[in-house]
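Scroll down for the structure; my scribbles are underneath it.
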Amino acid sequence: MDDTQSTSELRPTQEKAPGFQSWRPYQSAQQCCEPSTHFQAENLSIVYRKHLALQNVNLEINKGCITALVGPSGCGKTSFLMSINRLTDLILGCQVSGRLLINETDIMAPFTDLLHLRRQVGMIFQKPTVFPFSIRKNLEIPLREHGMCDHATLASSIETSLQQVGLWDEVKDRLNQPAQGLSGGQQQRLCLARAMVLSPEILLLDEPCSALDPISSGIVEDLIVSLRGRYTVIIVTHNLAQARRIADYVALFWAVDGIGQLIEHGPAHTIFQSPQHELTSAYISGTRG
Amino acid sequence: MLSPSNTIGETGATLMVWTAVTLIATPFLWLSGDLLWYGWHQLSINFVVSVPQNAGREGGIGPILVSTGLIMTVCMAVAMPIGLGTALFLSEYTQNDQVSGRLIRGSLDVLAGVPSIVFGLFGNAFFCQLLGLGFSILSGGLTLACMVLPILIRTVEESFRAIAQDQRLSAAALGISQRATIQHILLPAAIPGVLVGCILGLGRAMAETAALIFTSGYVDRMPTSLMDSGRALSIHIYDLAMNVAGGNSNAYTTALVLIGLLLIINLSASWITKKWTTLNQLPS
Amino acid sequence: PPAEADSGKLVITGSSTMAPLLLEIGKRFEATHPDIRIDVQAGGSSRGIADTIRGLADIGMASRTLTPEENHLHGTVVAHDGIGIILHVSNPLQELTNKQIRSIYSGETTNWQQVGGRDGPITVVNKAQGRSTLELFLQYFKLSNRDIHAHVVIGDNEQGIKTIAGNPNAIGYVSIGTAQYDASHGLPIRLLPLQQIPASLDTVRTGVFPLSRPLTLVTKSSPKGLTKSFIEFAQSSKVHDLILQQYFIPF
Amino acid sequence: MILSSNNISSHSKTDLHVLWSLQVFAVVAGSLLVLVIGFILRESWPALSRLGLTRLFTDPGWFPTEHSYQLTPIIGGTMLAACGSILLAAPLGILSALFCHFYAPPLLGKWYRHMIELLAGIPSVVFGFWGLVVLVPLVASWHPPGPSLLAGILILTLMILPTIMLITHSSIAQVPSAYIHSATALGLSRWAVIWHIVLPVSRIGMLTGVFLGLARALGETMAILMVCGNVVQLPSHLFDPIRTLTANIALEMAYALGHHRSVLFMSGLVLMGLVLCFVSVAEALRHKANHAIAK
Amino acid sequence: MDDTQSTSELRPTQEKAPGFQSWRPYQSAQQCCEPSTHFQAENLSIVYRKHLALQNVNLEINKGCITALVGPSGCGKTSFLMSINRLTDLILGCQVSGRLLINETDIMAPFTDLLHLRRQVGMIFQKPTVFPFSIRKNLEIPLREHGMCDHATLASSIETSLQQVGLWDEVKDRLNQPAQGLSGGQQQRLCLARAMVLSPEILLLDEPCSALDPISSGIVEDLIVSLRGRYTVIIVTHNLAQARRIADYVALFWAVDGIGQLIEHGPAHTIFQSPQHELTSAYISGTRG
């Protein structure tokens, strides 16, 4: 926490001044993006017991846009994502401070309806985490929990969501078999289908493709791109080419002295073509990490 | 199976393991051989359903089986919800270093060590006398429930804790409520553990003598209500073996029935576990 | 709870020696009195008396005579039983004098050779303190608890018989009926005569056997109503066959 | 691996109801011990207040009819029997759990486990009965009198072994197969995988098993009553008979009255004190194991 | 098993004729590769209970070369790797048939010394699997098991291996802390270090970089390249760019009707520039999967 000094050296001091252009959502992005702010982090810090994982992050994310979070391993990208749907609550010893606003509502407020929040914000993890049940049951559990009980509707929802992730043809004959029997890639796509089935507003994807082969990865990428405009997507990726292909905005995180920080944030083409921060250009060209 | 190797240590370990297994299997086979040898020839449907006569030397064990079943039902009906609930509370809502969790866990650990005869004394003082239930199946079942609770909770809690945190995180990320997470994710995944807990508990309860002598009583009549006194199988065996001259062969046969019952419970539990695993999980 | 005339429950607790007998008598009584339930719970003679005093039981079972302090209670003898010394069947000794038994139990004699038997260390089987059988035994042999050097302490009769059946050098004392039954059913035990009087049901019945005891039903005051009719039933000849079945001597 | 209570993931009504009912269950389960101790204290109060604790250790011997209550040899006998049996049962139990997982052909392993589960269910009366008829004469023919500390230890071993084995077995089953796979891929031999990965990872489960076994050994009544000889004395060797606290209660409680009864309840209390000691030791060990695993 | 017909349609029938050029190790590869065969699979089939995961694979792998296995998810790449060090033995119901030769020795023979085999063949898994002990202990266990007990040697071996994977600077101060506290990427590199510490002859890497950020990935890639000539490396990767950068040989697997098969195998430049099989060119250009 005593690191504010070095932080302010790294980027222009940010006083939450709404007019300060370089830290506002960029209205110059691709056209499908609406210019309104959907999610906003103010002075977000995350501490694991005594380890400061993320410090003073200020970030606004536009509605309907795809924002890619990039940065080296351990810089706090996953932690950032988990704070958005308050999964950090579940981690022992993890403390989040600052303000997180979704549609202007502070989700850090004490009486936030977390179930509603998490329906609103879907999430996919780095490692595929299917439930140890049948494929069908994996999708049915969230559906039933959110009030869908009709058999026909259930079946069609399941089919649609599996088709969306390109898994339907592969598993349609073994919907009742254990999901853990799927290969890693198939499992990850199932997780994606499971999150999509709830039609969330915001989708948090933590390296969704790192366990997928290029073809599945391509399917998923296409799917993500097709969500643009309807969903706000925040995706963590190690694959800069992927970020370049699909992202409207890119945010670069970096661990300075072991403390994760937001280094730069802007429209994808700006970040990739004329990065303002030297770390960004170094990272993009692959010379630093 | 893992790969063995030819080193001396490896051979030593293998030898040790097989020796241990033989050492355990021998008395077990001997014991069960004895039981079969002396008890088998009397075993018949008639023995199982008929009423004991001449202080148990003759006749069967019908009413005793019914009493035992009722005692076990009371015991499990009380212990299961409390046990499951407490295990869930301990694994999902408390931390290892939290006072409430530590208190409950500590007291359960001590409770697990309380000798069954002390439970018998407690049950007699509390259920039979203070609550006025008298020598009855209800008192016996409740006393046994107190006795098996710690084992049940411990085993069930372990199996809840064994579920990867990832599962809870992804359930939470789907906006699934705590109740639904428990119902749909945790409980199904912990079923085998719960079953093992129940088997251990039921096994201990079935085998119990000391706690029942002072609570459910000695009457070998067919019970007509839970408030009736009823003799459990193990007490019947004890009485035949220790108190009735010439009760040996019926004691052997009753022991055989009791063990047969336990075998059935075990087999059905492992059948359910297996069914469950093939249904829901990758064959391991 | 005091019992009423023609319906209700009778609780009987006490001596584990008597419990199987009373269970059977109770069943027969129930057969003729369909609205009545007889609950028998085993414990020990003292427990039966204590429960009767505290009102927890309607009738107590005591396998001994009442002591002077217990004289305010009302006792009814329903049967008799004797206590006999038993040895393993392979033990060649035919007789022991009271003095020899006393010295064996007080630990002065530790080898069968010392009393004219074969060479072998004596295993002394004794009853647990407080059991009425032990009290009777001590009383008869004029021993005290502290004097006794036992190797095995047992609870119920059958435990003693099984212990002695498994150890050729053991000596113990149990209810004669039980021992006779077991000996006649192939268990390797043998009853020793006492003061040259053979230990058997017959000598107990005729009253010549010196070490016998009454099996008593105890009530707080003189029995009334259901209690009375049950005790009378237990004394009547209608249950003699049951008493004989349990190897006791009918009153 | 837990969700903390101040961070319940929703404030929805059903979730609060769930929490409340779970709390009620937990309070019931937690207060049971207080209830048990309370009642036993109440029953042993006459002896505690009139005789005092010291007399349990200074009286000339255990002669309840003469109001002399010396518990030391009984406590000693209890400890000897329990510790002796745990020394035998713990290695046997752990080895047989390892057998099921790593040494036995799958089918044999399964049957062996069923056998142990069955063993767990055999009533202590049956063990006692069998011990009295088969084991005691066997010991007697080796070294009279037969009913002895040794017979008690052997019977107890058979009885607590399944507890240890089954709990160890399930905690080994919970070792992620990925650990075993990668250890194997590193060229570790079967025993090395067991020694370096399986045992440390499942250590806590095993400790729990051993502890539960110990508790059961301390509390075992019927079997020990039948095979131990029940003579109140400190044994000088394995073939001497002993009396345990539980056997003492079972043997005399039925007819004990007044102070005698009260002292027996008090010996129940002493037994629970012993258990408490073991619990704290086991807790400390478990704590240590937690740290050792991290290192 | 009745699929041989369709299989033989997919690629030229292979009679194990030693002279049949297109299925022999390619001597025309980069110069550091020795031309001798190190590992050879003959008619390898893998069955999981009733599911045929891999059928009739014939593949030779050259000593000291880097061979990349590519192919869509579920085509049996992991299964193939696991059969090479006979980890398939540990999977219940998994049956491997055919011949697997390392240095001309059949490792499927009944009395194969598996420990020796697995020391010879190191392996890294798709998901990082550190042991739940300290970082130091993770490395010490294999070292001690293979006879290294001297404290100084141990320490230096640990340091060297951690440096090889670029982890030393990050963890040198917390060697005694639990390895599970590392981030995913750090964990995977630790696993790599753990396998390297035994100096195996053959290294099996199952998507070692899928959990790594580009920088760590680059370090690992460089490391793998530096092993060329000394070790035989078989790497499964979804990242075709990576395969292109580092591999001497590429083998393409494909699941035809759910049954995994080897489609094409050859020097990297041949596969990438003039693939012989249409599936290969489709896969490489990203149009099929």
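Order of writing sets the chain letters: A, B, C, D and E. Residues in each chain are counted from 1.
In this text, contacts are C-beta pairs under 8 Å (C-beta built on N, C-alpha and C of every residue); 3 or more make two chains touch, one makes a residue touch a chain.
For clarity, every value in this text was computed on a predicted model and none was experimentally measured.
Among the inter-chain contacts, the highest number of C-beta pairs connects B-D.
With every chain reduced to the mean of its CA atoms, the largest distance from chain A is reached by C.
Chain D and chain E have CA centres that are 49 Å apart. With each centre defined as the average position of its C-alpha atoms, the distance from chain A to chain E rounds to 31 Å.
Separating the CA-averaged centres of chain A and chain D is a span of 51 Å.
Touching two or more other chains at once are residues 2-4, 9-10, 12, 133, 177, 180, 184, 189, 226, 250 of chain D. Each of residues 16, 42, 155, 159, 162 in chain C touches at least two other chains.
Within chain E, contacts with two or more other chains are made by residues 90, 92, 115, 118, 127. Within the complex formed with chain B, the chain A residues making contact are 85, 87, 90, 92, 114-123, 125, 127, 129, 131-134, 137, 141-142, 145-146, 178, 180-181, 191, 194-195, 198.
Looking at the complex, you find that chain B touches chain A at residues 95, 164-177, 180, 184-185, 188-189, 279-282.
Those residues of chain E whose C-beta lies close enough to touch chain A in the complex are 71-74, 78, 126-127, 170, 183-186, 207, 210-218, 238-241, 283, 286, 288-289. Considering their complex, residues 1-5, 7, 9-10, 13-14, 16-18, 20-21, 23-25, 27-28, 30-32, 34-35, 81-86, 88-96, 98, 100, 103-104, 106-119, 121-122, 125-126, 146, 149, 151, 153-155, 158-159, 161-165, 168, 172, 177-179, 181-182, 193, 196, 199-200, 203-204, 206-210, 214, 233-234, 237-238, 241-242, 251, 255, 258-259, 262-263, 265-267, 270, 284 of chain B touch chain D. Residues of chain D touching chain B in their complex: 1-5, 8-10, 12, 14-15, 17-19, 21-26, 28-36, 39-40, 42-43, 91-92, 95-96, 98-99, 102-105, 112, 114-127, 129-130, 133-134, 158, 161, 163, 166-167, 170-171, 174, 177, 180, 184, 189-191, 193-194, 205, 208, 211-212, 214-215, 218-222, 226, 245-246, 249-250, 253, 265, 268, 271-272, 275-276, 278-279, 282-283.
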